[in-house]
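Below: a set of structures, written as structure tokens.
In the two complexes below, chain A is the common chain; its partner is chain B in one and chain C in the other.
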Partner chain A sequence: MGLALGIATDALAYGMVLYIISIGLSVTMGLMRVINLAHGAFAMIGGYLASWGLQSLGLGYGTAILFAVAGAVLIALPLERFLYRRVYGTHDPLPQVLLTIGITFAIIGIANSLFGPTLKPIPLPEIFRGPVDLGFRTVPAHRLVVIAAGAAVALGLWLLVERTDFGIRLRAAVDDARMASALGIRTDVIYAAAFALSVALGALGGVLGAEILPIEPYYALRYMVTFLVVVSVGGAGSIGGALGAALLLGLVDVTAKYLAPEYGEFFFYLAVIAVVAAFPRGLLGRA
Partner chain B sequence: MELLRVEALTLAFGGLRVAREISLALASGDRLALIGPNGAGKTTFVNLVTGQLAPDAGRIVLAGEDVTRMAVAARVRRGLVRTFQISRLFRDMSVRDNVLLAILQREGRTARAIRHAATDRTLVAEADAHLERLGLGEVAGDRVGAIAYGQQRLVEIAIAVALRPKVLLLDEPAAGVSRAEQPRIVAALAALPPDIAVLMIEHDMDLVLRLARRVVVLAAGALVFDGSPEAVVSDPGVRAAYLGSYGT
Partner chain C sequence: MAATKMAPRSPIARDRLVTAGGLAAIAAAGAIGLVLFPNDLGFLTRVLATALLVLSLDLVTGYCGVATLGHAALFGGGAYASGMLAAHGGIQDPLVLLAAGLAGGLVTGLVSGLVILRATGLPQLVLSIAVVQLASALANKLSGWTGGSDGLSGISPGPLFGRFAFDLWGQTGYLLGVALLLVVFAALRALVLSPFGLLCRGIREDVIRVGALGARVRPALVAMYGISGAVAGLGGALSAVTTGVVGLDSLSFERSASALVMLVFGGAGSLGGALVGTVVFQVFEHAVSAANPFHWLTLVGLLLIAVVLFLPRGLQALPARLAGLVRRRAAPARGGA
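Coming up: the complex of A and B.
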């Protein structure tokens, strides 16, 4: 019982970290139809900036998160304007893959030369460090924060897309960009905003998830496939699908690592293969 | 009052000259039919005027303002609206939301992005009024992808009207519609606001004679006729253009 609950909290926390980071990627892949292999690199930029802010600039945890998210967005926006925009929706995905893998290695190189090739700690504030007593057992406070943040991101995104004027424009631009511009919608502005949102979520997830996915020089490469997998299992562009995929894969991965650690990632990818075989468009993918 | 003036608009796709110095003016209240054989460059002309394509040469003046280099969306906001030859709508949204979106755009409410159009009674009432007028009240809540094609074409007209255009370019608004559904489209087009300038691409001479007061003929990218609907039928140059088009 205790083990099951322990696995459940860890799985939920891990799933939510995967969700916060991957939902940003799902937005760009589903909406702008670009395979953004550099998404993990933006999460990594968030982690590096937060670590720098906390360790060297003396920022508080909350301020460091804001600093990391804003910094990652500021770095990403010129890339969107001058690089990504050229490959949105290209028929051949190869230029997207080459461009974004190039950006990934460039970011890794720059991060290494500026901050050195070491692990970047993101110390938690005192209140997130201790255990919290849930009555039936105690769990680390940080896990609860991550779970709450994931739920808040899911709810916030749903409200944004389904319940705001920005959301209706965004859905229109996704559905048919030409028709959207025929209505006077500035699709370039919508795309830039969605891209910024995507990077912001990636950076947020990178910082919040650093306890689980530590920030280090090859972060952007190490988790590239993991984030892509969550998006394809969920169905690109689907907020609910990504949530379901992240939680499912988080559960499989954590359970397997508790019970059969010697298998490594085997069960994670087995689940991926099973879902993709059964639902080629992902759990909630668009037809 | 002149609303649209096109001067010597020219475009070539590689060696194919699809627009050859096309000049044309439209005034408030005009009802102009643009006809011509398949591949004459009619849709291309609309794409040039609206900004989907950039011309090699020429000028487009909308209500006195040169819009030749302006982005598509900026022209729409200035009152230059088009519909597409093959129906384009947001298929996963409801009929009402499609029209709401047009109203939202017209009102330019980007600053209040956090408000939600579907909860704004005045906007919803206006959208429903547009739909009622075209006999679409019944399907307002349905998903666009689920209604009949003839009804989808009417929704496109409702959207165009909701944008309150000065100049409206309709690319074969009745294409793909069954004979039985056609009268509703014709009625909708006849009931367009009288003061706007309308250019309509149409193959069906029956419709042209009913809706247009002036006809221009495009053949191989060049304007070969500009006159009354009655005169176009007997014009030898037009006949040659249509016949000639089969030879090339």
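Coming up: the complex of A and C.
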């Protein structure tokens, strides 16, 4: 029972980290139809900036998160304008793969030379460090924060996409970019804003999840595949699908690592094959 | 094809000329490597094994339009088949080991083709990743057979044809690799020019129309996956025979991704492009990482970005691009005032 609860909290926290980062990727892949293999690199940039802000600039935890998110967006926007925009929606995915792997390599190389190859800690504030007694069990406070943040991101994104003017324009641009621009919607601005949103979510997830996915230069390559898998299993562009996929795959991965660690990622990818075979468009993918 | 300026020749004669030219180029490059870099033959043999992997990837990605980030599973399938036969079966004949690699790659190719071809687009890419990760986790788990993360050692091939031993300088392994590449290149040229190759290119261009014409799409793609697996398996076996070890990296996601990078870098859908991409990328990586261990990855990344921006069809389009530039320069001079 204790083990099951431990697995459940860890799985939920891991799933939420996967969700916060992957939903950002899902936005770019669903909207701009770009296979963005550099998304993990943006999450990593967020983590590095937060670590730098906390350790060298003496920022508080909350300020450091804002600093990291804003910094990652500022770094990513020129990349969007000058590189990504050239490969939006191309029929052939290969240039997208090559371009975004190239960006990832460059970011890894730069991170390695600026910050060195070691793990970068993101020290938590005092209140998140200790255990919290839930009555039936104590869990690390950080896990609860991550779970709450994931739920808040899911709710906030849903409100943004379904209930705001920006959301209407965004959905119009997704459904038919040419018609939307003919109706006077500035699709290039929408794209840039959606890209910024995607990077911001990635950076936020990178900072919050640093306890679970530690920040080091090869972060960008190591977890890139996991994020891509979550998006695909959920269905690109689907908020609910990504949430479901992140929680499901998080549960499979954490359970397998608790019970059969010697199998590594075996069960995780077995689950991926099973889900994709059953739902070729992802759990909640658009036709 | 920039065939407009050539003298009128029949397409068949032109295709034969391209094949012969490719073979000559491989043989010449092989001789240059042997004469000029006798101390780097180990590295060059690794390039040759990778070239087989990238050629095999070109068959499914370039000619059939199946994007995959899991092709190293086929390379690793061949490497482990040949390595386990040598280490556990005590087989020493290098040609038998190569044949085992070919068979192992063929089987892995058919199996992973059956899985990967269930989906299209992004889910297909993700299935291909899942296949290679699954294979890698299995190889790690079955350490009794594969050596796990320590790698499989104890592969000691006997002399080739009973005469040429695999020595420290790696001349035998290198020449074996060059010979293998020549044979494979000739065979694959014949394959892609055959009616079957044409069918596969048709599937890449318009799968619905080819289906409507009565062709059976999935069996053709699975067959191509099998052939591709055999070629990749040969590459894996070459690597096992010449290095004497098989590690988990032979079926890693990283190897799959770098194979795709080299293919797109050189130009997918052209066997010559696949070879040029492999050689140029690996030599660039080798030279840059030796010269500057801190920034080499950044430079490799910038190189890839530059290729997408300026040569979206890969290095193989470079001659035509340059010729176009020269012509544009020359045209105003001739036609102007």
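A few notes on this one:
In this section, the second predicted complex is superposed on the first by the 287 of 287 C-alpha atoms of A that agree within 3 Å, B and C clash if a C-alpha of one lies under 4 Å from a C-alpha of the other, contacts with A are read in each partner's own complex, and residues count from 1 in each chain.
Rule of thumb we're sticking to: a residue touches a chain if its C-beta (ideal position, glycine included) is under 8 Å from a C-beta of that chain, and two chains touch if they have at least 3 such contacts.
Being a predicted model, the structure only gives us computed values, none of them experimental.
Taking chain A as the reference chain, the count of touched residues is higher for C when chain B and chain C are set side by side.
Judged by the touch definition given at the top, the superposed model places A:103 against chain C, while chain B stays out of reach.
With both structures placed on the common chain, the touch criterion links A:129 to neither chain B nor chain C.
In the superposed model, A:165 makes contact with chain B only, not with chain C.
Once the two complexes are laid over each other on the shared chain, residue contacts for A:112 go to chain C alone; chain B is not touched. By the touch criterion stated above, A:137 is placed in contact with neither chain B nor chain C. No residue of chain A lies at the contact with chain B in one complex and also at the contact with chain C in the other. Those residues of chain B that touch chain A in the complex are listed here as 50, 52, 71-74, 76-77, 81-84, 88-93, 97, 100-102, 104-106, 109-110, 112-118, 159, 163. Residue ranges of chain A in contact with chain C, taken from their complex: 29, 35, 83, 86-87, 93-95, 97-99, 101-110, 112-113, 221, 225, 228-229, 231-233, 236, 262-266, 268-270, 272-273, 276-277, 280-282. Contact residues of chain A toward chain B in the complex are 163-166, 168-169, 171-172, 175-176, 178-179, 181-187. Note for the complex: chain C touches chain A at residues 61, 67, 69, 115, 118-123, 125-127, 129-131, 133-134, 136-138, 140-141, 253-254, 257, 260-261, 264-265, 268, 294-305, 307-309, 312.
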